[in-house]
Structures are given as C-alpha cells and as structure tokens.
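By written order: A, B, C and D. Residues from 1 in each chain.
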Amino acid sequence: MIIVIRKDAGKDKLEKLQNWLKACGVTPHVSVGERQTIVGCIGDVSQIDEGRLSAMTDVVASIKRIQEPYKAVNRQFHPQDTVVEIPVKDGPPLKIGGGNFQVIAGPCSVESEEQVVAIARAVKAAGATLLRGGAFKPRTSPYAFQGLREKGLEILSIAKKETGLPIVSEIMDPRDLELFEDVDVLQIGARNMQNYELLKEVGSHSKKPVLLKRSFSGTIKELLMSAEYLLASGNPNVMLCERGIRTYETATRNTIDLTVVPLLHRKSHLPVIVDPSHATGVASLVQPLSMAATVIGADGLIVEVHNDPPHALCDGAQSLTPESFAETMKGIANVRPFACR
Amino acid sequence: MIIVIRKDAGKDKLEKLQNWLKACGVTPHVSVGERQTIVGCIGDVSQIDEGRLSAMTDVVASIKRIQEPYKAVNRQFHPQDTVVEIPVKDGPPLKIGGGNFQVIAGPCSVESEEQVVAIARAVKAAGATLLRGGAFKPRTSPYAFQGLREKGLEILSIAKKETGLPIVSEIMDPRDLELFEDVDVLQIGARNMQNYELLKEVGSHSKKPVLLKRSFSGTIKELLMSAEYLLASGNPNVMLCERGIRTYETATRNTIDLTVVPLLHRKSHLPVIVDPSHATGVASLVQPLSMAATVIGADGLIVEVHNDPPHALCDGAQSLTPESFAETMKGIANVRPFACR
Amino acid sequence: MIIVIRKDAGKDKLEKLQNWLKACGVTPHVSVGERQTIVGCIGDVSQIDEGRLSAMTDVVASIKRIQEPYKAVNRQFHPQDTVVEIPVKDGPPLKIGGGNFQVIAGPCSVESEEQVVAIARAVKAAGATLLRGGAFKPRTSPYAFQGLREKGLEILSIAKKETGLPIVSEIMDPRDLELFEDVDVLQIGARNMQNYELLKEVGSHSKKPVLLKRSFSGTIKELLMSAEYLLASGNPNVMLCERGIRTYETATRNTIDLTVVPLLHRKSHLPVIVDPSHATGVASLVQPLSMAATVIGADGLIVEVHNDPPHALCDGAQSLTPESFAETMKGIANVRPFACR
Amino acid sequence: MIIVIRKDAGKDKLEKLQNWLKACGVTPHVSVGERQTIVGCIGDVSQIDEGRLSAMTDVVASIKRIQEPYKAVNRQFHPQDTVVEIPVKDGPPLKIGGGNFQVIAGPCSVESEEQVVAIARAVKAAGATLLRGGAFKPRTSPYAFQGLREKGLEILSIAKKETGLPIVSEIMDPRDLELFEDVDVLQIGARNMQNYELLKEVGSHSKKPVLLKRSFSGTIKELLMSAEYLLASGNPNVMLCERGIRTYETATRNTIDLTVVPLLHRKSHLPVIVDPSHATGVASLVQPLSMAATVIGADGLIVEVHNDPPHALCDGAQSLTPESFAETMKGIANVRPFACR
C-alpha cells in the first residue's frame, strides 16, 4: 500500500500517521520527493481499514493498494489448487478443482417429486454428477412462484436417494440452515453475495461445500472478499461461480465475461464454476457457452435442465431439455481434453 | 402485455395459449396480420409469470410489457402521495412525503455514547429531525469494523432520549427484528435490497417505517418490486432511497442519477429520499449534491455527519463535520422554497 | 411495431396517427380494449422515425418494437451467411464467414520495416493468413505515439510484398481513403463505430472488406445499425468485431461477452471476428480467450503479436510473442473441429 | 507515478528501467522493502507512455498513477477559471465560466427558416443567450433524417442575423470546417468525443469556442484527455458538456451524474455545461434537472426547444415547447443566486 501525503501536511502529522500504521502492524517507508511525499507500507496490510485511512484528509491525499485485501482465498498465500470434495453414498467423494471437472444439472425450481426424479435420472444418464434444484427461490416479484420450500428439499432428498446424485440447493435465510441437512452443496445466490449475516452463519456453522455466486454488479474483488467471509468464519470448501453481470447491453440477460475464469484462477486457489443458463437466459445459447467455458478452464458447470421447459414454473426459457443437455454433454466431452489448465 | 406469436405456431397452440391467459385472469385479444400475429392482454397482468410465458417457445416469439408489474406501490392505482409518519415523544409525528421534507443525519457507525450524543445534539441544532447511526454494519471485508451491534442500538436509544430525535438504523438479519424495538425507522441497505426473506420478515412483522435503499445495480423497476414485497406483506410505510449506482465511471464512488427522483414520483406514491454521502463518497461534494437533490424534489435527505471524520471507524472520508453540516442545512433551506414539487 | 395509445387521446388524433403511419408505408391495425387501445403496425417499419413517433405525446403513450430496425444486415431478409473474400496475389482469395475461419495477426503499431517484416514472417509461419498493423493510431493522450501514418502504410505494403499476407489497417479520417489503396481490409475502430461520416465515405467509395469494431458502449443493435450504414451506402463486405465492452469491472481492461458471437450469427448474416487482445489487455489471457472464441463459433480472430513486447510503442502488455502466438495457434487448431457452427 | 517491481527482477533490469525513466525526463526513487521493491517517479510524468511501461513485464509488476495524465486542462497548473468569450454583434462578448452563466436553446434539428427563426425569437424572449440547432445530425439509423447540412447552416445564419443570438452547431467531419465560418460555437458530439482527427483539425485550425460533449461511456479522465487534444493543438476555448452516460438502467435514456459538475471544476479550469434534454430524453424531466444542474454549479445549460415537438424531425420527445422553456427559465432564475460556486 502506497499513501500519498498532502503537500501541506506538516512533519508532526506525518509522524502521527507513521505511528498509526505501526500500531496496525505494518512498516512505513517514507520517500520525500521534490513535489510529492509518499509512504510505502510493507507488511500485512489486510488489517488496515482503508476507509478510516482515507478519512485522515489532513495528511492523506490518496491511497494506492498494491496487495490485495483478501488473504485466505489468495493464491499468493496458498499456491496449490483447492480441491472441494463432495461425499457420495457408497463411493469415493466427487472432486471439483485441481483438474477435476463436474457438471451440476437440474431444474431451476423443484416442482414435484415426479419431475425432479425424472430430470435427475435423465441428467445422470447424460453424465451429470450433481443434481441442482431450487426449493427456496429468490424472485423479483412477490407474486411469482416462491418455491416449495421445505417440501422442495424433501423432494430433492428423494431424488438423491433414487439416483445417488449429491444435491445443490440455494439457501436464502440463516434461520434455514438446519433444513439443509441432507443438501450436499449450499448455494448462495447472486442477490445474497453480500448478505454477510448469511455468509457468517454458513461459514461458522457448516463445513459443507458452498457454491458462491457473483452478484449482478459484484467485482471480482468483492466476490473474493465474500468468499473470504466464508473462509475467515471457518469453512474452506468454497467454489466461486460466474453467472454473468449486469451491463448496459440488453440483448442478453446478462453479460458473462469468461475471462474471469483464468483470472480468478490466478488470484485465488478456489475452484471456478460457470453458470451458462443464467448468464444468457436463452436455452439455445447454453451449449456454445458451456463448451467455451470448458475450454477456457472452468472447474465445472451448473446447467438448468427441465423435462418440459414450456411449462416450467420458473426460468423455463433458459432450461435445456434432457435431449439438448445430452447433446451439450457430448460437446463438452469433445473439448474437455483441450481445456486451458 | 403484448405477446408476439411464432409464425409457425398452429391454431391449436394459439388457442391453448388463450385459454392459459384466461385462466390467469386476463382477456386475450388476437390480431392476425399478414406477417405477424399478436395477442394483446387486457386486465390485471401482474399475476402472469413472465418467465413461464416466455418459456412457451413453441408459440410465443416474444413478450412486450405495457403495464408495470407492480401494483401496491404504483401511483396509477394510488394517485395521492403516501405520507410516512414517524412518532415523536411529546409531539406530533414527523411527516415525510406529500410536501413534507426531513433531513436525517448522524454517524455512519455508532462508536460510543459520547460520540453519538454529541453528534445528535449538533445535527439537531443545525435542523436535522431524525438521527441515523449504524449498529450493524455491512462491510466488504470480514476484517473491517462490523459495528457495535446490540450495544450500538442501546447507545442510539440513549441519544434518542437525550435529544428527542427518532432514530434510523440498518437491519441486516431477520432474526434481529426484536432488537430494533426502540428504532423508529428500519433501514434496509443496498446490499439487502433483494434479500427477500428480510423484506418479508420486516413487511409482515412490523408496521414501522422502512427506508429501502436501491442496490448497486438495482433498476428502478427492481427497487419498486422490492418495495412491493414490503407492501404486499403488510407494511405500507415505505420510503425509497437513491444512493448512487455502479457504473464504469470510477472518479466518484457511485453515479447518482437525480433524475430518478421525479421519475419515481411519477411511477409511485412513495416518498423518495436521497443519500448524498454514499453517492459520492467525498465530503466536499455532499453540500452541492444535497442542494441539487432538494431542488429536484426529494422528500428528504440522509447525510453522514461525524464529530471527528479523520478518526471515524467507517466511511470518514464522506462524513461532514457538524460545522459543514450546518452550512449544508443553510444551503438546503435557501433552495427548498423553489423545489420542484 | 406496437403503439400504445394514450387513454385521453380522441378519435381524431388516433385517425391522424393512422394516416401518418400509412404515409410511412405501413398498415395500422387498431385494437380497442377496455383499458388500453393499441395500434399494431404491419409492414416495413424500418422507415418509421421512432424519435418522431415518440414525440407525438398527445396520442402516443409508448412504442414497443417487434421487428429490428436494420434490414440489409438482417439475417431474416438474407438467410445465407455472407462470405467476405479478400484477394491474395497469385492465389485464390481468402474467405471469412460461412464456415471459413482466418486468423489476423500482427503488431498493434507499425514501428519499422524490420519489425513488421519480421513479425509478418513469424505469424505467417505460425498459420496466420492476414497481417494487421496500425499506421494511424487512436490514442487517449495527445502526447502518446500517434502512429507512423503514411510511412506506416508503406511499411505494411513492403511486408505484404515480402510475405503475400493481405493487410488490415485502421482508417480514422475520411480524407485518408486514397492512402489505403494497397490495404486489403479497412478497419474501423471502436472509437469510430458511430463516426457516420467515415462510415458513409468508406461505404460509398470503397468495396473493400471492412472490419467494424464494436464501440466501448455500443449495443449489439447499434453495431448492426453502423454496419447497416456501410451496406446501405453500397459496401456489402462487412465483418463485425467484438473486442470487449466497458462495464463497472476494472479487473480486466474490458468485459468481453462471447455470447454475442452466436447471437450476432442469429441476427445477422455477416461474419463475426473476435479480438482477444484488446478485450483483456493481458497477453497471458489471450490464448485461453482465443480458444474459447473459436469454440463458440467466431469466424476469425485478430491477435496482437510483437517481436519484443516490452519495447512495443503501444499496447505491449497485451501482445503475444511470436512463440506464444504459435502456441496459441496450436490450441486453436485443437478445438477448431468442435466449433459450434 | 509508482512502479511496483517484480520480485524476480534482477538488479540489471531495475537499472535499465531507471535509465529509461531518466531518458523520459523523470527522476526515479527506488525503495527496497522486504517483500516489495517500488520505484517512485518524480517529475513530469505526462510524457511517459504507460502502455509501453506496463509491457516491460520482465521488470514491472504494476503501475499506480498519482498525477493526472492531462496538463493543459489541469487546474493544478492553471488555477483560475477559464472564461470562454463568444463574440456578439454590436455588443460586448458573452462570457461562460468564472461565474458567468448562459443558457443555449433551440431545436434539435434545423428544419426550416420559419421554424428556426420562430424558435430563436421565442428562446431569446425567454432569456436564452445562444441559439443551438443541428444542421449535420448523427443518427443511429441510416434511414433517419440526417439534417439539412449546408442548407441548415445557412438557416442558422439567418436566425442569427434576425435575433443577434450567436449560434452553436455540431461539426462531424473535419472536411466541413470551412462551412462553419458563421457558426460561433463548434459542438463536438458524444459519438465524436474520441474522433481524434476531428479534434486535431478543430484544435489547430480554429480558435472558436468548442463545446465538447462527453461520450456515452467516456470517463471523466477521457473527457479531459479529449479536451487536452484541443488545447494541445492550439485552441484554449473549450467547454466541457455532461449529457448523461450509458448504464444498465433503462428507465431514462441516459444516467446523468450531476456530481461531475463540481468534480470537473476541481480537476479542470474549463467551464462545464449540462445538457438536460439528452440526459433524460423526456421533456417533462428537463425543468427539474435544469434547476438541479444550476444549483450544483454548472456554468451553463443547453436545452432543446421546439415550437411543435410532436412534429419535430428528431428527438421531439425531449424538446420543450417555448412556453415550458420560459417556465424553466423562471425556475433557473429562482435558484441561480444560490448556485454552489
């Protein structure tokens, strides 16, 4: 961290600042130039409260960060890839990350036992290794279908029993954690990426793998800081998920920047999953995007599949049919050997 | 709502769609053109699940909304301004909206009794009528100061008793509602605008005024839909708050579009508050922006004031001193008679 | 096009509107509902000036477009892929589009004959089929290197003679068209996507292939409308180029949405080229992104290669070395058989 | 400028970098820390080509700018406000900036002599001091009205003769400069903010005041750099114009951040004009926004006025009638005494 000093700041203020920095545990190095005085901070700057520092407007002109503010998720301090393991009944655990690639598939919403079991069987047959399904649904409108809630989780458990596929489902309320006992991967949705009370609850009361989605306007740094909340609270089993961001372009629902996949891999050791369904909102774009995400180095995909998209209770427009999902899985398998990692 | 029909959709599919629309309670009007067939929906379309409709890709080519999806917050169905009332000990309630303008001021974070009481007295002397203060703080970093929590609420209560100012404080967790008994206005922060579990809890278990902040990438429609959650759950006392959005521009912390003030007033009957402190992140821009917000027709402002900004535990850079706040209040008073409403 | 009529508009105004629409060459269909009256326009609506229509605020409440405003570039009216042909000395022309894939490579700026010829040889050896090089350079700062201009074009001609590679270079000023006689593909840069005087000049005075880059905040519709300028002026040989857009995210220079590749292919018959170098601004991300762009269906790539990136006069940070370019070409060749088209 | 050195860079590379920096005219100061080595550059860094520096990836890890890259437009080097003067026949020149405030008004497009003269008289009567009118129109669609061109400029001259109002009109092509002899203020539109050939032509061949509009996705820094092109080419009479930027929000045509007005005043000595018509695209929002822009400290406004908005050939929806413009002028006059400057 570099601190640019105000031209009119006297020696005593500069000294006071240096003492404050030392108290925060870093070593300040002062360079006095003809036109500018600069303080370089060497040491662990993650404990410095940048907001507070920038408020010292009598001495601080501006601040330039050099090191990242995250630590537990930072590859610099943890060079090897994190491999998240998901237990599977009667078998070795599934692995994601560090060269292990998995496809999560299933309906947007859990609608009925019949539906979920049918889809689970179909996606398993096509090669998916985890089942997704929303029981608690965040919907923009209070009048839209809000999910089957507890009943939805029970149905997912049945599908898990029937197919052996571990399940991924979204948790929206810290009070619900107990209900998710049989859920294998806790999804934290885009709208809750900065719901810190939920992150702390999930981080401190569970060691289950967490799929953390990037919010609509979340920066890469903020996504990593939210993951840092989970790790700092005690749960190291975190997967990051890119699902498209909000931009001025309205031709697709979101704008997905696949470049973040290799970029996140450089900055962090956590696995990176791509969600091509929410990114585009259009079923026919899911296969091309899935293949591109695989090639660019994603550790996994999460894809919406519905046995009857036109009658899905939620997001049918972006759901693949089991047939087109099977086709997509073939495309993924074709390019997987050439993936960039 | 206008539904454009696929060119290759047969009569039976069109009929099936018409029946489905009727079952949703709307009357479909079909116009068959040479090149396009269109179905206009007349009636209350807020019950139609647009995601589900757009998934009927065998018959629906595209959908164009004409009416807004919100109802309770819609000025069309509620032409007169909502006036939110906040009880005041030993006096008539404070009013916001419908021509009533109030300034909420106070520190970003509650730090100590001494600090809060001093600031409360100063902002009251300058003309503020409500006290703000954060006890539970949403911070990007898990290592930054997270607020004094329960203790912070107790301190706010003391300041309220001392000054008579009603208090505004942010709630982040639905489990905390009981702790907010003495808080007069519940703030729902930008990061929680789409935390629907929190909205439902606050909407159904409280009738207290709610200050709902627009999220970093929330559209006006989404802000109104989140307000709709509160009203639909039973709480009509909602104030909308513009605090700047996230754009490509990095010269200011956020980009605040003051045009939303008159725009929200047309679309909704709810009062609109502007937060110039978070919008800019720079104390010296707060006064000009406060005056502009007043002139363009805001029903109130929420301003950060700290007695010692350089040593504030949070967001000091954007906090006014009591002196510059008093100056700002004078500027506001000068232009208030010419406000556009 | 659907026009929603104001509730308070009388019959005479509605009739006047209908006459105006007929004069524009479209057939209006009026649907009178209980709560809303709607006019559907059947026919060629590309001649309707939407700005003018929306100004008729005494009768028009809102407008919903159903057909796209572009025509010559629209796949609906030109279902087969456009194949752009670039003449090659002593051989059959190079083809781009309709299943033909080419890689354009070369330095950001032309610096010297020695440099360009060396890079041209190297990229040809690695499999590139066109040479790029900037002679006229758009730079944010007036103090940055602005290109060798005429001299730069002469150097490109020499490299073309030496290697047989056709050349691609950016034109910024309509007065310069004559200077580009020996240039095979005219590039119109992102900053000039809406420089309509330049588009009209290039469209009406040249039949040379044009590489049209999407601007920093250009929508897909605007990109297609700018291409429409070229086609409407008389030049059908247009290639669209995605190079990343500007968003709130600052971790990469731009945010590239590869989903636009299949999307543009649906909306238009023109070839789509991807520029992974400008999209990321980081050399080490160019290979993964090039491979992903190939898989998702791009008709070509344009890649910056420099023989000595650290000493490049412009954009060295994003340039590949000839060695890493050769590596990238191998990766592209591996996945090309599985490309989604 | 601070340069962070790679950990693995040897002494010789660091020395080579220091020599390169000295050759660029700056003095490098090296601070060797335990974990990081940093080079601070003292002196005029505006001549350093940042792209080139960042490409030296064998020695440079990252670059942090401290000083701004612009110089001629920088208030730091030119503390007093620039006052732009516009000559007026038979009278003292009009002044903009440094406490002088003017309102420019007129139609989007010049349509006929009768129209322009009528509007010119009306806006003059209401208090406008300059007449705007587009003769050359940048339109997204090649099929939309493109302006009367030369004929339009002649009509503006007639209106100028009739009313004495100096005229403001947009130039789009460097070849047209001669045609603008009788135009008093050359407008460079948002789409041409980075048309550097046009900027250089206008900067070097004219001393006329220039109204430079911010582009749809132009940063404040880029706007200032484009102004720098004009000043560096020889024309110091530049006014900056904020007209709204492109964001994810679609409820208004653009998002205008009025905060840039005081911000630009801090960074630069050039006057700042606000365009409330293009910013919102909605006539009824123009008055509130005009008043807010006045209060926040704009040096002038540019407002679209049409005598018959529903039949305007361009942008009628955002044009005021002469009556509502007169009303707006009263509102502006009311708040002008309290403007923040």
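Rule of thumb we're sticking to: contacts are C-beta pairs under 8 Å (C-beta built on N, C-alpha and C of every residue); 3 or more make two chains touch, one makes a residue touch a chain.
Everything quoted here is computed from the prediction, not taken from an experiment.
In summary, the chains found to touch both chain A and chain D are B, C. At the far end from chain D, in terms of centres built from Cα atoms, lies A.
Chain A and chain C have Cα centroids separated by 32 Å. Note: centroid distance chain A to chain B, computed from Cα atoms, is 27 Å. Each of the following residues of chain A touches two or more other chains: 217, 246-248, 250.
The touching residues of chain C, when paired with chain D in their complex, are 46-47, 49, 51-52, 54-58, 69-70, 138-145, 172-175, 191-192, 194-197, 200, 215-217, 222, 225, 228-229, 232-233, 246, 283, 309-317, 319.
Touching chain C in their complex are the following residues of chain A: 217, 219-221, 245, 247-252, 255-263, 279-280, 284-285, 287-289, 291-293, 295-297, 331, 334-335, 338, 340. On the chain B side of its complex with chain C, the touching residues are 2, 4, 27, 29, 31, 33-36, 38, 40, 42-43, 62, 64, 66, 217, 246-248, 250.
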